[in-house]
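Both of the next two complexes hold subunit A, though its partner changes from subunit B to subunit C.
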Partner chain A sequence: MPTIFIDNKPYNVQPGQNVLHAAVSHGLNLPYFCWHPALGSAGACRQCAVQHFKDESDTQGRMVMSCMTAATEGSRFSINHPTAKSFRADIIEWMMTNHPHDCPVCDEGGECHLQDMTVMTGHNKRRYRFKKRTFENQDLGPHINHEMNRCITCYRCVRYYRDVAGGEDLHAFSASNKVYFGRFEDGPLDSEFSGNLVEVCPTGVFTDKTFRAYYSRKWDLQTAPSICQNCSLGCNISPGERLGTLRRVQNRFHPEINGYFLCDKGRFGHRFVNEKNQVKVVHPIGPLIKEGLMIGIGSPRASLEANYALRKLVGADNFYDGHTELEHRLLSKIMEILSQHPETASLEDVRNADAVFILGEDLTQTAPMLALSIRQNLYKRAQDGAGTQGIPDWNDLAIRNAQPELPKVVYLAHDIPTKLDPLVTHKISTDLESIQDWIPALKAAKNPVIIAGTSLGSEPLIRMSIELRKMAPQAKLCYVLPAANSFGLMLLKPKSTPLLTHRGETAIVLENNLPLSTLSHLHNIIAIDFLESETTKNATLALGCGSFAETTGSMVNNEGRAQRYYSVFERREQRPESWRILRDLGDFSWQNIDELCAEFAQEFPIFEPFLKQVHNTQFRIDGQKIARQSPEFSGRTSMYTNISLHEQAPLQDPDSPLAYSMEGYHGDMPPDLASSYWRPGWNSVSAFNSLSHATSGVKLKP
Partner chain B sequence: MNKPLTGHIRTDGEAIWIDDYLKLGGYQSLSVISKMLPQDVTKLINDSGLMGRGGAGVSTGFKMAAVPMGEKAATPKYLICNADEMEPGTFKDRWLLEGNPHQLIEGMLVSAYAIEASVAYIFVRGEYKLAIKRLEQAVKEAYSKGFLGQSLDMHVHPSAGRYICGEETALMNALEGKRATPRSKPPFPPAIGVWGKPTLINNVETLCNLPHILNHGIDWYKALSKGVNAGTKIYGVSGHVKKPGAWELPMGTTARELLEVHAGGMKDGYEFKALLPGGASTDFWLEDKLDTPMDFASTAKIGTRMGTGTMIVLDDKTCPIGMLLSLEKFFKQESCGWCTPCRDGLSWVAEILSAFERGDGREADIAQLERHARLLGPGSTFCALAPGAASPLATGLKYFKDEFLRHIQEKSCPYANHLHR
Partner chain C sequence: MLSAEEKSEIDHEITKFPVRRSACLEALAVVQRHRGWVSDDTLKAVADYVGMSATELDGIATFYNLIYRKPVGKKVVRICDSVSCFIMGYDKIRSKIEQELGIQLGQTTPDQEFTLLPTPCLGTCDHAPALMINDSLHRDLNEDNVAQILRHE
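On to the complex of A and B.
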């Protein structure tokens, strides 16, 4: 690990880092714009200037851009040197010549990288006395708001949108100080990953339009670590709530899963939490009087805890799969394979693989972040190629110039055009007749990944995945599953639904909208769900539960990684966890999630390592619970005066080490408990640079 | 023959086409190089002392030698002629392109042989319609005579029209169909150039020298000069002089000789005030520098640059601030918008100069301009465009301080007939 000196203090840095990355990783206050840990360096904004010294005796030094300078052993730099320091203030002054003074009405205000950097450089007096240039904004569709006047021309948006995400309909137009980032004409952005513009843009040009519709400042949002519910990948998210509604979802860094980005489904697909047609909460619920046979139908979108409680209530023999019959068959096959070959591929494995073989999944649709990971993979191959030409990993422009065509290492079996096709080196049909052509590449690859899944409902494709795996023992398997907790549900060994024909007197249907064909077999239904559905409408009794955003539970993603999501908020009219409803129906004694999990782990030892590792309700830092609200959270005493003039006591959370309060712990914490990036002087997402990048979650073996 | 590059160019405006060119001894240098190893051609060019004529004055042989050779070198290698002549006041390459296109093609064949390039591009300024037409015709003729198409393919690529495309790495991006923004260096084009391959980029005038060096040898070539650097140079003069134009003269001809002999002195009623020696991106010279030999080494010695060697003369009837405004507006407009100092700094400079010209200049503005002249200098920007723009600004502020103050005091431009409002 090389040591560099910054203002005469030694710092250990990661080999191959640039000076800027090294400095901000150590929490040093060095401002920057165009660099981003996932985009690399561009040298465009000139904001990260530092003084570079030849040796200890050199006091003059030479000004360099820290993002474009390698942090090599023994090299010496100064952030505080007057030349570099005043140059950085000059840069901000230039950027601010055209930036509107609209922070108070700007969506980015309070979590704006530009605000932070401006304060950091000390620029506070306007000397530019001429008119600002103005732009016309574009309608970029329902998700992204466009306000070009705020642009400081750092080029991050196009470097992300085009170079990383492969989008083609956003570009830089014109030149000089009139560079315009937008589309050729108004219209919704094409990319499935457009939402990341909101976090990539260092100021308020690209903001979240869905958030804007019911806006709150960052410091007024209550947040908790959560897991995306929209596909089986288990990306880490940070939802934000205020006044009982979920306002937005932001990315939560996970090194092995989503990294710095989310797909649009994950970022914008949470509005159902605020829907009006919620199933009514019934309270209190007495114990169920069991008469005759009772079956339970589990759910791949409900938590492990809820599925376990249902299984406990109806008994293992009467616990059925909430997947369709076909899905159940495919998933059983996948589980069988994974019990033999538990080495599944994470998204990071996909990003690092030297060849990717996809069997019948249109990833952009079925697991979008897998598609993005493949794009990132190809760039990594280009980085490797450029590395042999002496170009460091962070020198993005040079890498793209040296490797004008991304190497193609993707093999795809699919019968329709997919968005990944342009990156595919060899495409075959799903009859797999030409699969032989893949074998040499598969065998030659050092760390290939084989991707298959359930979306086409094809068992031969899944069987082929294991055939390929047998030919290449070094390969890792990756299955795209139907829902967020499909893996977890299968671990509870449910029976296939067709077996229930005419068996059930009473069926408890957990968080599931069953097909009418299944519903028609059931005559006495107790449905537990958050939103109304055909199932709840056909139920004898419909019991309302809370959504993922207001409950705490655990899920297992497609790689078998168990992760916990925490309740972000409690509504004034509390909506219970499904497992609490089932507890009451079954007259069980669990008072909190820990008590349930203790029993759960006994019955299913497979979950033991996870339940040991997960931060249980007793976990404290410095004797404190972790605050879900920021220290600046406003309106605590008045936000519910429309209901009661008395200030209400903070709600208690019996299921997590988190508090529904601004009081509690705010500092460094384990990554699976952190949901808001902040440190002094860094109010935007850029604060993630100095945070722990440790992994979380526990991989389970079926 | 003391005007090897332009001596044959016809005075009726027509180009020298292939038959005439061959009669004049054209393409003879190809038989010279056919008896040489590529490395020996490079060494000969290096020994000749030929310096790049695009403005920077880097040794051509040195650049050629930087291209990787041998079996391990990546292929195809590219040779690019930078014919994107957009420097204000500069019109020397146009003369060569329109008058003798085969001379350039021959020069490129020599260079391509030396670096073993198999594909060549002439990246030519889009507005040079006639040059483009003639280059295309000449390339066609060279193909039909078999000079091209054997070991070298050549394409004429008209620029879509930005000043920054004259910056060699922005040129490569433009050629690849990308935004014309400069690339980060290192890697340098000889190692990783266009489409990621080794690439050599030379100016038109530079390449036109090569056949003559090969044909006549380096002693002859060096003897052409009366200055420190070798060869001839196409100098030009524009402004309120009696006979503005361009002339091929011995390298090291003084600015005074250019101005007083070749350009015939100032127009009647106009007095000399200052000049920009080589396009817009060079320092102003006052009377005291007129006896400096115009070559790269002599101008560097007195702390300034010759640039393209095509001077713009400022007289006493033209507002120097108006001239600065015109220049800085050009640089501002042509900034690619990649790096902050150039993009936003030049805009600020242009705004201030406009304010002076409309009588709204303030004393604090002068300090602001001085700050910009310093900040836009070398080391703080991504490429050389802004430092080029800072050269006339810094020296203009130094030499014309009184004029700035007069604009403030009189609350208007004191030049009744100033050209640049």
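On to the complex of A and C.
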């Protein structure tokens, strides 16, 4: 680990880092704009200037851009040197000449990188007294709001949208003082990853339009670490709530899964939490009087805990899969494969693979972040290529100039056009006659990934994945599964769906909407779900449970990684976890999730390592629960005065080490418990740079 | 949308580059020669023809001050506002022209004869101030000769 000196203090840095990255990782206050940990350096904004000294005796030094300077052993820099300081003050003053004066009405205000950098640089008075340049904004569709006057032309947006996400409908227009970032004409952004603009743009140009519809400042949101429910990848998210409504979802860094980004399904696909057509909560519920045969139909979108509780209630013999029969067959095959070849690929493995073979998955649709990871992979290959020419990994523009050709590493078998096609070296149809052509490349690859999945309902494709794996033992397997907890449900060994052949007297349907043809064969239905569906409408008894945002539970993603999501909020009219409803139906005694999990781990030892590692209800830091609300959270004493003039007591959370309160622990914490990034002077998502980048979750083997 | 003639001229430009889309700027110049300016629809047609998104092509089109994204008059007056001309009286020349033509920088006369635009250094600083009207260069301007030049162009 090289050591560098900043203002005469030694700092250990990661090999190959640039000075800016090293400095902000150590929590130093060095302002910057165009650099971003996932985009690398462009050296464009000149905000990150520092003084660079030849040696100890050099007091003069020369100015360099820290983001464009390698942090090599023994090198010496100064952030506080008066020359660099006044240069940075000038840069921000220029940058702010055109900027509006209205942070209080700006959506970015309070979590704005530009605001932070302006304060950090000490620019608090405007000398510029001329007209500012102004722009017209565009309507970019339902997700992204556009306010071009706030732009500081750092170019992060186009570098992300075009270079990382492959979008073609966002660009820089015009020149000099009039550079404009937008589309050719008004209209929704095409990319499935457009939402990341909100976090990538360091100012209020691109903000979350869905959030704006019912807005709140960052410090007024209650947040908790959560897991995306929209596909099987298990990306880490941070939802924010206020006054009982979910306001927005932001990215939560996970080094092996989503990294810095989310897809738009993950970011904007959470609105259902606020839907009105929720199934009514029924309580108290007495124990079920068992008469005749009772079956349970589990769910790949319900937690492990809920599925386990159902299985316990109806018994292993009567616990059925909530997947379709075909899905069950495919998933069983995948589980069988993975029990022999447990090395599954994470998204980070996909980003690092030197070849990727995709069998019948249109990834942009079925597992979007996997598609983005493949785009990121191509960039990493370009970084490798540029590395052999002596270009460091962070030197973005040099890498792109030195490596204009797409690396030939993506192989795809699919029968329809997919959005990844332009990146694919070799595309064949799913009848796989020409798969032989892939074999030399597969065998030659050092760390290839083979991707298949259930979306086409094809068993031959899944079998082909294992055939390929046999030819290349170094390859990792990656399966795209139907839903967020498909893997977890399969680990509970449900029987294939009974539907049509087996008529249960009573069926308990857990968080699942079954086809009408199936429902009509069921005699007596008890449905548990959050929103109304055909199933709850046809049920003899429908019991309302809480959504993922208000309950705590665990899920297993497509790589077999078990992760816990924590409830973000509790509604005033509390909605119970499905497992609590099942507990009451079954007259079990679990008081909290720990008690359920203790029994669960005994019955399914496979989950033991995960349940040991997960931060359970007993976990405390400095003897405290972790606060979900920021110390600046406003309105606590008055936010529910429409209901009662008395301040409501904070709700208790029996299932997690988190508190629905401003009181509690606020500092650094394990990554799986962190949901809001914040440091003194750093109010935007950039605060993350100096926090823990450790991994979390436990990989399970079927 | 593109005429046969425009297409064949663009095709010819394309032969000069290893990649089709690299000819995009030349393609814009071709259609501008034929139409005087590049409308949104024309831009979309060119983008399709060279194989890039309209957004990307417009990023290029709007970067260059010689690609016109709005209609211009028959004569485009481009007055240099860089340092030498600025020192040598650009301000006065510009007001004189504005007064003569009754338009401001960036505007076109109602009869569609003149458009007035600024331009960076014309490379003739030793004869500043200078301007161009379409392809002809006029140098050593003063308030008296500039009106003359406009009338005779």
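One rule holds for everything that comes next: the second predicted complex is superposed on the first by the 697 of 702 C-alpha atoms of A that agree within 3 Å, B and C clash if a C-alpha of one lies under 4 Å from a C-alpha of the other, contacts with A are read in each partner's own complex, and residues count from 1 in each chain.
The rule we apply is simple: a contact is a pair of C-beta atoms (placed from the backbone, for glycine too) under 8 Å apart; a residue touches a chain by one contact, two chains touch by 3 or more.
Predicted model, so just to flag it, every value in this text is computed and none were measured.
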item: When subunit B and subunit C are modelled together on subunit A, clash or fit; value: clash
item: Partner chain(s) touched by A:Q403 [first = subunit B, second = subunit C, both, neither]; value: first
item: First (subunit B), second (subunit C), both or neither touched by A:R62; value: first
item: Partner chain in contact with A:F184 - subunit B first, subunit C second, else both or neither; value: second
item: First, second, both or neither for A:F130, with subunit B first and subunit C second; value: first
item: Which of subunit B and subunit C A:T153 touches, first, second, both or neither; value: first
item: Contacts of A:A172 with subunit B and subunit C, given as first, second, both or neither; value: both
item: Subunit C-contacting residues of subunit A that also contact subunit B; value: 172, 174-175
item: Contacting residues of subunit A [partner subunit B, same complex]; value: 42-47, 49, 62-63, 68, 87, 90-91, 94-95, 97-98, 127-128, 130, 152-153, 155, 172, 174-179, 389-391, 395, 397-398, 401-404
item: Contact set on subunit C toward subunit A in their complex; value: 40, 43-44, 52-56, 58-59, 62-63, 65
item: Interfacial residue positions of subunit B with respect to subunit A in the complex; value: 162, 164, 172, 176, 179, 183-184, 186-187, 191-192, 195-196, 332-341, 343-348, 351, 355, 364, 368, 371, 375, 379-382
item: Contact footprint of subunit C on subunit A as seen in their complex; value: 168-175, 180, 183-185
